[in-house]
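Order of writing sets the chain letters: A, B, C, D and E. Residues in each chain are counted from 1.
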């Protein structure tokens, strides 16, 4: 058992079960990605102690939290797992401030630490200009929470009730509430989904800062591969209740082993015959070169969608992996445009919207495609 | 008053008010974008009839829905506005099927149309293999809803209760419920935020199809500029309760008039002195050329972030708008990387992640930047 | 501890029951008549309470009219009024000489007291507050967003009530119905005052207990146990879902 | 229509009141003593009901033990038991010769009947079910996700109860307290049977009404109106937030 | 204890009702008697007699507390006869004009002191009643047995340690029987009816404390003749003999 989070369990709910095994070192971030309904939130509930495991165990900092074999089960409230749930789950009758301070407040009740009884509600954290009617914390702890709220842009909302928050505001409160609870393990379930570009940008920066001084393990769930890939040290890909691939973000991007991981990472997967670094495409005259000279026989080659360059004419000083083809489809996806190429090799290419305009791409356009041999990887096995 | 939706109102809630005016033609889509808390959901509630306007009016198909002057107020249930709320708001004690069929069912109660009384619950829509215990609709209507659910990938979940849905599944049910209610006006408030890449892709395609045969106006709210820019014919930018810019997606992208619109569209805004197509940057020797020769004096130039190209050495056959600079920051944003450039001109540049690797970009790298004159636009006025 | 408070007296009561002669007492016409009247009256009264009380709770919880708080307080009054006083008040209002009952009797010859309808009216008067207050409380705690969603989907208020609101507060309505029915079943003072105590006509189980208590203590305990048995059976048999299962 | 059912009898009662001599009656020691005893007993009983009843409702709603449904049904029983029988059952259990009361008396000389504590006990016995059932219903309808969130934030069960659960069901707890208090205030049969009736010691307002009714009809109506006035005042004065405002 | 009460037994049979036509004044055949609940024992014993002596009369008895009966009659209840152990209540009704004719006294009851069998309170004299810690019960002053007890105490100059003033003599008796009270002042008839469960303590001149049982015709009565017949029946020697047997004294 490691010092961080070590999980290897099966958890069952009526129609569905999840089997997962992973370890997250102290201070590092596991990105858990997977499609809707693949079981991400179920794993959250298991780790947080809201759903007991049916098999296997979950351990944190060397101690067992949940173990089916020995019937160990540490109650949610003793796990010190800070969770930002997928729905904000704010406490409707408390102000934003009270929501955020809840964790500290709740724990201090038990440990008789530097908090005061209810009667002294008039004190405000230093720097506050808001009337925080039902504040209970004093001194340092209040200041700490207050500065956290300020960093995340919540100070103006401190006295509000959750019912008068917008969707994005509520999600932010939920995130900060989890951070403020002094967790030993942090779980964020789609923490940015309701946030706009600017807020997301700021929150992600603040969160990076926070995480850099956080000594516990973190599990970050996101359907946005970008978020997960940027913030996470490790990625686990969950499909239909099982982890199908795990590795560093770069691993996943370069060598996705399943179709889903590939589409998540925006990477093409092509079945080819490899021979000393030369990949021949079955049923096509095209061959591609790869940096990887070890693979032989039928393998899956992976090519990141954004590693492919498009030109209207044959590029000068052309790299060896260059071929002419046609545009089959054009689809805007978020801030990039995904161009589908046709014969001789169906590939997805991500380009910026302005390149589309510049190159005058429309379905049917004739283009030249090119990819460096260093971007052509061999995935470990063939399992489309 | 137009045939579609025409809105020009002020709506007030305790600490906040929104003033908005826009028209949406039948069959067209208005994208409503704005930061968290800018009032998007408040506008939804006003149009849906859940929050009366304080000033002005809302009209649909030439009839007034709400008018402060004449105290007209059409009740929500008579407006035929299909809303996919930001939180799914599913009916917890009904199955997914019942949730989706609710609108049709509710309306048929009043108009005595082709539905049957409760006792006949055993009939299933043709093609269903699920036990739909509490179905009430029959024949065509049921088939219609069923095929809608199939198209959106909900058929397997038909018999489930909302409490046993994942976040993304619940959001999808909420979307389909709005579509199935035979609306005259459709409002979608962040309909894709909880969906994963694949589902989002499929749903967006299905929704496009559905919208193409929908004769009513649609209001689409999204903090993801990509979604809004792709699906919408018109964009309205909402900031702090007021619409600050509206126009076609291309307008907004090329000529964002506010800082927020610019950041939303990923466009740089620079205050320059214009003279016959030459823009001089105050306090810097750099000049840029623009296609727009009409502007003169102090104006704001806008440059899309993805229109700027970066090179490690001076590009050959260099375009005129080329300068050497340093990388100040690198930030992954979703599937693109945003590179911040320093002196002589602070600009944000969007590149693909593989370009970053390829060019070996790190903060402090010396690079060459270049932009075509056709991508340098002049915004209408100066209001940073 | 709290449970023992309820259980001990009941055990004591049961251990004092004339178990051997129970069968004989239960088949006596007095007990059977009373059981029949109690059953009919309490069920009818509960139905009336539901029909009148749920909408009343709605109006109190959802609309804002001047004097709402006063009406809300008035609704609770039958609970604090000693039942005999309640019965007297009912007589003053609906009796043959009553404010409403008088003109009614003169016009139609209809007489509420001393009839089954009188029993029902007394039960409704006494039991309705329980339903109203319980449903009111639940409505106040309810998240109203699903209702708003239903409205945008074109549902009328009645339809929303039936398919969204009531299912959502079902556990509380169930609790209210249980309280209401139990209170009606156990009603004594108002009934005896307003409807009288006529065997086979208005004598409910509690009234039978009262009358029997004077001459035959065992019989009274036996009839009480019958009352207990009836209600326990009904309450245990109530499907969870009608009493608190979402 | 439903409201008129409550209002008419009260108007009738009020219009029969001896308004001129009201002041005199209200300053009589009988009325004042009874008012004091009623106030103390009903409030104490309500507090005890809250302390015992809320946890009981919790256990019933949240835990699953064999016989849960039976306990749930037993809890409602004091409501259907005719109050006199309830009082008798209390005597059998807690009286001087009762199952528990007997040994207790023999050992300590403590006697519950004929004392204020007897009144309180009778009130608790009769009124507690109202609180338990109301809170039970609300707990069953509650969304439990915020509670789970609170647990992950380290809150103990008691803390969650106090800061999350109770505030969320506050309107229903409020309704339950109102029902409970009103029922205790109006309690007659069980009190008189168990605690007896002694002016200045165990005579509550309803008992005073009943006793007075025998000799002085006007006085009885006047004391009833006092009861009504007290409860209406309390109920109107109750801040919305304690009775149904989230 | 007593056998179960056969309250509606014997009900007049159909043929009895057929005979009713021969009895003058009994056209409807139904007689509504409003009786004080304390008289349930009395009615249990005389009912068969009534059925026999007034064939065709369908006797409907409404038992309730005396004050409840008064409220009902004031409010216009369809009563033919009121029978009460509380003279005060009937006098109230007479004053209010709700009674036709003068009330008829048909029985007299007297006060007595009972203790649980075994006399755990060891009460043998009037003075014993003043012992502190003793649990003595009386009726409330609103009912005749309470009035009698208070009058008796005043006359004898004692202040017993009273812990409860029961609104109803029957609950008082029940508390003595179950031992919840050490002594209680009840009627002689009660003591006699429960002689197996209670003991009577003889006190000086207590038998002189008496109360009257009255019956009266309600002015609103729709069957005045039958009502009159019923009242007269109460004075009938046969009924009187039964009452005497129960421990009543004849007026």
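Here, a contact is a pair of C-beta atoms (placed from the backbone, for glycine too) under 8 Å apart; a residue touches a chain by one contact, two chains touch by 3 or more.
In this text, all values refer to a predicted model and were calculated from it rather than measured experimentally.
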TODO: Please find the two chains that have the most C-beta pairs touching each other.
DONE: C-D
Open item on the list: Need the CA-centroid distance for the pair chain B / chain C, whole Å please.
Closed with: 55
Task: Approximate Å spacing (C-alpha centroids) for the pair chain A, chain E - done: 87
- [ ] Take the average of all CA coordinates in chain A, do the same for chain B, and state the distance between these two points in whole angstrom.
- [x] 23
Open item on the list: Can you list every residue of chain D that touches 2 or more other chains, as numbers and ranges?
Closed with: 84, 88, 92, 168, 170, 210, 213, 220, 246
Open item on the list: Could you pull out the residues of chain B that touch at least 2 other chains?
Closed with: 87
Task: Shared interface positions of chain E, touching two or more other chains - done: 67, 71, 174
Task: Chain-to-chain touches, reported pairwise for every pair that qualifies - done: A-B, A-D, B-C, C-D, C-E, D-E
TODO: Report the residues of chain D in contact with chain A in the complex, numbered from low to high.
DONE: 145-146, 148-157, 159, 163-164, 167-168, 170, 246
- [ ] Please give the residue numbers of chain C that touch chain E in the complex, ascending.
- [x] 18, 21, 24-25, 28-30, 84, 87-88, 91-92, 95-98, 102, 111, 113-114, 192-193, 196-201, 210-219
- [ ] Give every residue of chain A touching chain B within the complex, in rising order.
- [x] 13-15, 34-37, 40-41, 86-87, 160, 164-169, 172, 189-190, 193-201, 205, 223-227, 229-230, 253, 260, 263-264, 266, 304, 306-307, 331-336, 350-355, 358, 372, 375
Task: Partner chain C, residues of chain B touching it in the complex - done: 48-50, 75-83, 85, 87, 89-94, 102-103, 106-107, 109-110, 177, 181
Open item on the list: With touch defined as at the start, can you tell me which chain D residues reach chain C in the complex?
Closed with: 1-3, 5-13, 15-16, 52-53, 55-56, 61, 69-86, 88-90, 92-94, 98-100, 124-125, 128-130, 133-134, 136-138, 140-141, 143, 168-176, 178-179, 182-183, 185-186, 188-189, 205-206, 209-210, 213, 220-221, 224, 227-228, 231-232, 235-236, 240, 243-246
